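Shared between the two complexes below is subunit A, which has subunit B as its partner in the first and subunit C in the second.
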Partner chain A sequence: MMILKESIVMKIHYGTALGAVFLTVIHILMRMTQDFHESLEYENVIANYEMIGYAIMLELLLILISVHGFNGLRVILIEMKQGPTYEKVVTYGCIASMAILIAYGSRTILMTSMGMI
Partner chain B sequence: MAQVNQEISIEKSQTVLSSSKSVTLRISRSNPEVGAEEKFDEFVVPYEKYSTVLDAILSVKSHLDHSVSVRYSCRQASCGSCGMKINGKPKLACFTKIVELDSDVITIEPMDNFPVVRDLVVNFTRMFNNHKKVMPYVVSNDSEITPGTNVKEMLQTPEDVEKYIQFSSCIKCGLCNSACPTMAMDTSFVGPQALAQAYRYIADTRDHGKKNRLKIIDESHGIWRCHFAGSCSQVCPKGVDPAMGIQLLRSYLLGLRD
Partner chain C sequence: MEKESKAKEGIKGWINPAKYGKFGIERFAWILMRITGLGLLAYFIGHIYETSHILDGKAVWDASLEMTQTTEGHIFLALVIGMCVYHTGNGIRLMLGQMGYGIGKPSRPDYPYKPQSLNMKGKACIYATIGVAALAMWYGIAVMFG
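Up next, the complex of A and B:
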């Protein structure tokens, strides 16, 4: 089942891993700008979403982790069982699940950053 | 448990068994063609300090049970026929001395990740098909002898040869494929043997088949399914390092090498 060449998929896989690690480090460092427990209080979390730069970073993190995670799941599943129909279902299933997760996560980020929550 | 009579066997073997040391062989017996379940038969055989596991199996065949099935040929680790699992590890029977194993009981099974034909004999069809798939030959339109010119050889420097020479030692014994954890799960995986051979020819300066070979291995059950366990390199009896070859191939596909 080839939508993209496997080497391109794996370049994306490695790239998203590096990007996700980088953004997660920033995300953790942001917790250190104030007391950790304080940073997790409702008002402070909402305030983070309302910072446009931070909201973009969270959106990017969501995309990177979703792409990396669902490709990893696809790889595990096609190694466990083989067959053209099964592999097609796994590939398209992972793409669809990834798109749904990104859409739902984006909705949360957008609504929160626009003050709708 | 069968024991060897310390005399010449009935079928007039040339070997007179005289050793005082003996070892118990637990040989896996199965015949999937008739649906026979795998079982282990035990045989006590004498051995000398230079005896190999293959010698012991052949002793069983000569003196105790002619029906034990084993594939072998050269007896000097050149033909790659006698790969099997010896005390849990894939090894060549002809290249494994009994004394090295330091055990009174030797368990011998067919290699993992291959369909069993009978007893210790496995089917190599999948490995040979994957080997053929990666075009294991030099692809070149140039003739070594070009009429009307002085060009008679495709010269290589020692450095050029160094890039691929260790991979030329592959004897297609299948031990690397047997040890590979991905081969155990993914029945379509091309395998370390074929990937190492793909690298062997891609790294050869005389070859022009790199683009096609990279295309062949760059698919969903190709090179990217290797998890770099490294067990292929550990079990190779010829010192080939397929795991390294696979990483070098990946560097071509990631654009880190030309």
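Up next, the complex of A and C:
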């Protein structure tokens, strides 16, 4: 069962890794623009989400880490056991979990950045 | 048949130091890469759930944040920093290796059949990555407890 060639999947895996590292550094640096504890206060976090550029970056980060993380989990699970049915269940299970996590995280980003709270 | 059953060891095969002979730093790096990957994925799912509390108002946000504002919470976050830095550093090493950097030139396999790819450069990178991860954890602890 093959949705994409494994070599393409691994290129996506490495690409998402590099993108995620770059955006995670920016995400962490945002905590350093002020005192760490102060930066996590409710009003400051809301203000972060309301910056459209930062909200887009968070959405991208969510997608990149979800794709990388669940593909990594798929690789680990397929390394441990093989078989056509098992591999199909693992692949579709990881894709479904990834989609659910992206949808759930996007809901937080969208609702907060649009002031729907 | 024996070879086939060995391949089905699953998670036991990961932690069996005798499976591939000497339990070297490369095998340790491989196991740590998988453990940190799974740990980071678990943390990421938790982080997405925790940040969703912002939608429930200030009181719920503050209550959820309090979980990480304890000594145990800070130690947990320091571990996350360490896992993140190690996973990143080792991942970059593996990517460079797959592109052909730092794995030596191909040569005829002669006794004692030492793999070219498992050389001092690779080992040094693994030790350096572990060192940088430890430093990042120390810095994280200094910021969080500071």
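Simple rule for what comes next: the second predicted complex is superposed on the first by the 117 of 117 C-alpha atoms of A that agree within 3 Å, B and C clash if a C-alpha of one lies under 4 Å from a C-alpha of the other, contacts with A are read in each partner's own complex, and residues count from 1 in each chain.
Keep in mind that, in the parts below, a residue touches a chain if its C-beta (ideal position, glycine included) is under 8 Å from a C-beta of that chain, and two chains touch if they have at least 3 such contacts.
What you see is a predicted model, and the numbers here were worked out from it, not measured in a lab.
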{"item": "Fit-or-clash call for subunit B and subunit C when the two complexes are aligned on subunit A", "value": "clash"}
{"item": "Which superposed partner A:80 touches (first subunit B, second subunit C, both, neither)", "value": "both"}
{"item": "Touched partner set for A:72, first subunit B, second subunit C, both or neither", "value": "second"}
{"item": "Contacts of A:37 with subunit B and subunit C, given as first, second, both or neither", "value": "second"}
{"item": "Touching partner for A:104 - first (subunit B), second (subunit C), both, neither", "value": "second"}
{"item": "Partner chain(s) touched by A:117 [first = subunit B, second = subunit C, both, neither]", "value": "second"}
{"item": "Subunit A residues touched - subunit C or subunit B, whichever exceeds", "value": "C"}
{"item": "Which superposed partner A:19 touches (first subunit B, second subunit C, both, neither)", "value": "neither"}
{"item": "When the two complexes are fitted on chain A, the stretch of subunit C hitting subunit B, from 38-46, 56-64 or 110-118", "value": "110-118"}
{"item": "Residues of subunit A that lie at the interface with subunit B and also at the interface with subunit C", "value": "80"}
{"item": "Residues of subunit C defined as touching subunit A within the complex", "value": "8, 10-11, 13-14, 34, 37-38, 40-41, 44-45, 48-49, 51-52, 54-55, 57-58, 61-62, 65, 69, 84, 88, 91, 95, 143-144, 146"}
{"item": "Residues of subunit B that touch subunit A when the two form their complex", "value": "182, 185-189, 218-222, 224-225, 253-254"}
{"item": "Complex contact set, residues of subunit A against subunit B", "value": "1-2, 5-7, 9-11, 75, 78-80, 82, 87"}
{"item": "Complex interface listing, subunit A residues touching subunit C", "value": "14, 17, 21, 24, 36-37, 40, 42, 45-46, 49, 62, 65-66, 69-70, 72-73, 76, 80-81, 101, 104-105, 107-108, 111-112, 117"}
